[in-house]
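Here it is, the structure in full.
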Amino acid sequence: MAEQYPILVLLVLLFGALLVGLAGMADRRICFPVTVTALALALAVSLGILQRVINEGVIRYFVAGWSRPVGIGIELRIDTINALVLLTITTVGLLAAVFSFRRVKEDKTEKTPLFYILYLLLIMGLSGMVITGDAFNLYVLLEVSSLTSYALIAMGKSRRAAVAAFSYIIMGTIGASFYLLGVGYLYLRTGTLNMVEIHQAITGLEGVSSAIVVAFVMIIVGLMIKMAFFPLFGWLPNAYSYCPSSTSCVVAPLMTKVGVYVMVRMMLTVFGTEWVFENLQYSQWMVGMAVIAILAGSVMALAQVELKKMFCYIIVAEVGYMVGGAWLANHWGMVGTVYHIMSDAFMTLCMFLAAGIFLKQAGVVRIDQLDGMFRKMPLTMAGFVVGALAMIGIPPTCGFFSKLYLIRGGMESGHWGYVVALLISSLVNAVLFFRIFEIAYFGKKPVEGHGHHADHSERSVIKEARLSALVPLLTTAVIIILLGIFNQDLVDLIERSLKGAEVIGSAVLSGEGGLG
Amino acid sequence: MKWVGLIAVLFTGGLLLSAMDDFPKWGDAHSPANASPVSQYYIEKTIEDSGVPNMVTAVLADYRGYDTMFETVVVLIAGIAIMAILRVMNQIPGGARPSPRHEIGDHHDIIIGTTCRLLIPVLQLFALYVIAHGHHSPGGGFQGGVILGASFILTAIAQGLDPALERLPEKSYVKLAFAGVVIYSGFGVMCLLLGENFLDYGVLHVLLPGIDAAEARSHSMLGVEVGVAFTVSAIMFAIYANLASKGELEGGL
Amino acid sequence: MGEIFKQYVIDHFNFWIAVILMMIGLYAMITKNNLIKKLIGMSIFQTAIILFYVSAGVKDGATIPILEHHAVEVEQVEMLAAAAGHSPSEHAASGHESHAINPDDYSNPLPHVLMLTAIVVGVATLGVALAVSQVIYKNYGTLEESEILAKIKAAENDG
Amino acid sequence: MIWQFDIILLIFLVVTAVISLRVKDLLAASMVFGTYSFLICLLWAGMGAVDVAFTEATVGAGISAVILIATVYNTRRDSSD
Amino acid sequence: MPEVIQTYTPLWACLSALLAVIPIILLRKESFLREGATFVAGIVMLGFVISMVPEVLSGKVLECMLVQITRDVPIKFRVDGLGLLFALVASTLWIVTSLYSVGYMRGLKEHSQTRFFAFFAVSLTATMGVAFAGNLLTLYLFYEILSLATWPLVTHHQDKEARSGGRKYLTYLLGTSVGFALPALIFCYVKASATGLEFSTAGFLVGSVEGATALVLLLLFTFGFSKAGLMPFHSWLPGAMVAPTPVSALLHAVAVVKVGVFCIIRVFTGVFGLEFLKELDIAIVVSWIAAFTVITSSLIALTQDNLKRRLAFSTIGQLAYIILGVSLLTDRAVMGSMTHIAMHAAGKITLFMCAGAVFVATGKKYISEMDGLGRKMPFTFAAFTIGALSVIGLPPTGGLISKFYLVTGAMDAGQPLLVTVFLVSTLLNAAYLLPIAYRAFFPKDRQLASQPFSWKSTAEAPWACVVPICITAALAIVLFVKPQLLLKLASLMVTGTG
């Protein structure tokens, strides 16, 4: 069975969705267990995939058995980078699904099964995007995940959810179409859709083909819209803050990160880092834009009064981290980017889970409504604090190490502006989160003077979150710390793929120094 | 906004056109895309592999069947998404909703009603033909499914949404849509269970005595197309029904 | 000059039209005020991309990618012969050159397949977007972007 | 493929696209968009992409136009641009 | 290279405080048991620390690998003379402070005592972690944990003043550590990751940096560890005095600020290495910044009427002594710096606890209100006098010894101007500390002065407050009589066996 793992991840999720659709429509109670079971199975399988990749190297799975000549069928291709991202996706999916438990219980709506169907298909789409080795298949799965996320966002109760979803649809479609167009240019010039084959064809071409360059630009711009890179991020804050909590918990951590992953995949596997960094001298520009993205995201985050909006702008800044890291054109930048994809997914998940809990338990939308939260819900705040510390970059959380590697990459390649931007953004995050801590710690009406016996009294109506919300939050917090502590193992795994001679074969990323 | 848009569009267009000199001549049979081993393989080996003359169908349902499965899923998602966004679920607990029943043809033009009554069976028959004959002529699950869905939409337009929904109620079309994807992925899973890769139909010949792998592929493609047609027809109708009635599934246009 | 014009435009005029349509669609998507207009623009944009792909698969003098009947028969005769006498692998090895099917005679089927998917994706997106715009109309009573934004602003100032 | 026919089609294509975006009546815009879809489907049929043309004829000219009209019917017919 | 012993003792010393958090939270309803847990943990911790003394004295180094967190740089503990010296100071004073805080907190019926004790224990864990940190990364890790864990302590009162004090506290500490120390750390990581960033007498940066880069790096570190209160990043310290006095005492006389200077000493001795710094000839910049801080803060201290604020500025000055000492790079000056950590700790904690005791007993905060209080609280003010002598550096207190080393070290360095700085500031110290003690015993007010002293009219703070004060005052004297252990530990670091 082990050789079927790649397809099993998707099938488990697909059949979960189908089961919810066929049986869950009749009895809403089975939706949640089916969803969680499917996601847990997917998580188990993706663990199995990681295990196999570690033991055997790159997994190539030819759907329908069409393996020769490469490219007539569709290939699923998994190296350690996708295996890790896949694991991240399924884990985040499972945790956010557990968080959505109360949706079934409390929202007495007929739409619960629809929500879970879309949810499972979203995770399936994202997983499929990550493991596929075919450029067009990636587009189809991109649309699977986009359509589901449009719907999930539009399901929000807020009046503005629909408007946000509409602009997301427009921007998302432009992004996906640009990607499709880029793939079209690639296909026209290389005659294949298989990523590895495209790479071989590109390296076989003499000189720099302008069609390939245009293809690259279109694909990257399309992905930038999808990942909300700086000038193209306008759709993100509204879309992620007006959707239901259970949606934002899965969409916010995953969508942008998968976008970044696809960009990395394009740079590594499809175009090849040598081609990207040596033939195209875009590195300076892209890092410069990333610097602007980081600073702009941070500054705009400072200006927000709404919790979720603030997190959204932090995401914009974090995307800047990752894009900048990938374009540093050296080993540590790329390692940092891939590592940050994982750590940022969990940090964002932590933030949005906490925001969801605050909203549910206390109706908190704005930051200043968080007063006294440490006393009212200590466990939630504990989880939130861990996530916030990771965002700031305090060791031993994963946020520290991703910054460490990214800054190392920046220093080695001499992009000092990027280094400074990262540090400024860390400081801004520190300001942002300590503002929240302060409000949550002190409360609006401070306890004046000494001798106040408030230890066990004063339990207001706001209570600690339920178990179904706390468990994912605290698990996420633990994962954030574990990712930090075991970062070396992760980096080893990432490096294994970066050094994989088969596709990259480049001195650029193999760790023997950058391009200088 | 207009100027920003214009500049962005002109920039994009200029970028796209800038690569024209690098393109193979239009209609060049030896361009990289057309002369690639992949596309030549499709043209040369389709018959050998599955005996299906329509290469598009073969590529769609067999070589790149994985894409097509997700395409079906996309259609399913569209339907589910529209229901999730738009559907107004105002069921009165414990009782059937009081719906103003329309008589068939009620306040609709008699000429249209009659024409449709004549046209719809033909349309549906043609849809089935398109689905079934996709191996040999243009057509297949998508086209047939859309035509089938269109026949229901025609019913709804000609006679009102309620009569159409009586023929194909919401519960049924949702089930139908899911059944389509189940059929498609079910073929894939059967291949898995028989020990081959997902969607490797060739192995299914062990289930059907008296045929070889190529024929098994051909038949499986037909099965898969039927699944696609189920989903597509159901969802096309679902989209129309929801959009035409603002999600209330009553009244309609 | 004429040579360059030929090289850039005449040889690729389908691509030119595709790009022009794309620009029209994209411009409408970005600048139109009415949501339905944006969606029509989106559909035009998508069909233009499809046109681009389909153009990529065109071969001069080739026919539709459905094997002609005689070719099928030749093929089947060969296969029967193979089944009778030779092993399939032998057939594959020997029969390759003598194939009745010439790839140049048929359009490239792959872009067609890809674009079937793209059309379906397009209509799915359109459907979802239309549903969303109906919800917007229900909430705000208009489909003009500027009016919606004004109403949002007004609501924000009230609250 | 007859190139004159091709050119005429392509010109009409651009014209219908522009009209459907310029006309202020959304119902008319939807109808013209249906025409556009039909024209482009003819073009594809001419290029040998029969399956694509078939699909576009059913989906683009059929379903897309119908659901656009359904939405226009349920919302407002006039637009500012 | 010194002999290395692998042992988990430093880990246990660290964990003994951390694990105490669990019983503290579980026993929150039983206040006696809760505080008992704190004591037990403190004694256990001290036991572990003392158990390491003989081996370190014999010139060995204890190491404890925790986790290989990045390829070259692990999280590890490494106990040498300096670390052990600091750990000894911190763990001894923790016990004393725990006792004191029981009296203080109960005396004032403070709220949220469980939280207080829990975070106190966490802070101690972090302090131990800093003391035993084997490399720069570990040091930074525990440094940050300490900043965060002390924030709830600083803002304990949760009122407006605490809010602004706490905000200032975190802004300065986190701002500088993320803004300065982190880039410096990463720069080291980039330049010298092969060395594992491990502290060694030679310094792991040897040969990796030069010229202006080295100076920038040194300054980034010096200002980055702003717990040391070097100007211009000092103003969090007076601000943080809003904390309950035990916090001020332990954390702002002992743990937090001393962690700051400890880190800077580590940077000088372990990261750059004294020899390498001499070669680079850049430390003099730091010397002058420190000298400026010494004089300025002493002058500011003179003007303060709030006792705790005056002590806070005094602390800033004394911390700058330590930095000044180490930046002189001569053996005796560095030894003086290290011993001054302990000497100043003993003296200053006495002073702070006295201030707290006065507040508990009389509610007075301002020096101008303390006329004649010595008659009411003789033990407290006797201890205050001893503490003041120690901070000034007069016999019979330990302060003399470290100051002696510092001054002679400055002479060795051939910096007569800096010697003058030491001497002038000593005078200033005397000027702002001694009058307090003097007026407490000999008030200006005739009426107060003419009252005969009687034991019956004394009104000391609760015994749990007074006893620790006496202990620390005694400690200051003991350190004068028997400074050998500290000197030995400090000399291990400068003679190259550490």
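Order of writing sets the chain letters: A, B, C, D and E. Residues in each chain are counted from 1.
Just so it is clear, contacts are C-beta pairs under 8 Å (C-beta built on N, C-alpha and C of every residue); 3 or more make two chains touch, one makes a residue touch a chain.
Predicted model only: the values in this text are computed from it and were never measured.
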item	value
Those chains which touch chain C and also touch chain B	A, D
Centroid-based (C-alpha) most distant chain relative to chain E	D
Pair with more cross-chain C-beta pairs in contact, given A-C and A-B	A-B
Chain nearest the overall C-alpha centroid of the shown protein atoms	A
Chain centre separation (chain D, chain E; CA means) in Å	79
Geometric centre distance via CA averages, chain D-chain B, whole Å	20
Chain C-chain D separation of Cα centroids, rounded to whole Å	14
Centre-to-centre distance between chain D and chain A (centres being mean Cα positions), rounded to whole Å	38
Where chain E touches two or more other chains, by residue	none
Multi-partner residues of chain C (at least 2 other chains)	13-14, 20, 22, 26, 55-59, 62, 64-66, 110-114, 116-117, 120-121, 123-125, 127-128, 130-135
Multi-partner residues of chain B (each touching 2 or more other chains)	16, 21, 23, 31, 33-35, 38-39, 42, 54, 56, 60, 64, 67, 71, 74, 77-78, 81-82, 85, 138, 142, 239, 243, 246
Set of all touching chain pairs, with the criterion as stated earlier	A-B, A-C, A-E, B-C, B-D, C-D
Interface residues, chain D side, partner chain C - complex	10, 13-14, 17-18, 20-21, 26, 29-30, 33, 36-37, 40, 43-44, 47-52, 55-56, 59-60, 63-64, 67-68, 70-72, 74-76, 79-81
Touching residues on chain C, where the partner in the complex is chain B	7-9, 11-16, 19-20, 22-23, 26-27, 30-31, 55-62, 64-67, 69, 71-72, 75-76, 79, 92, 99, 101, 103-104, 106, 108-114, 116-117, 120-121, 123-125, 127-128, 130-132, 134-135, 138
Chain B residues touching chain C - in the complex, by the definition given at the top	1-2, 4-6, 8-10, 12-13, 16-17, 20-21, 23, 25-29, 31, 33-35, 38-40, 42-44, 46-48, 51, 53-56, 58-60, 64, 67-68, 71, 74-75, 77-79, 81-82, 85-86, 136-138, 142, 232, 239, 242-243, 246-247
Chain E-facing residues of chain A, complex	389, 392-396, 401, 404, 407-408, 411-412, 419, 423, 426-427, 430-431, 434, 437-438, 441-443, 446-455, 484-485, 487-488, 491-492
Of all residues in chain B, those that touch chain A in their complex	15-16, 18-19, 21-24, 31-39, 41-42, 62-67, 70-71, 73-74, 76-78, 80-85, 87, 89, 91, 171, 174-175, 177-179, 181-182, 185, 188-189, 191-192, 196-202
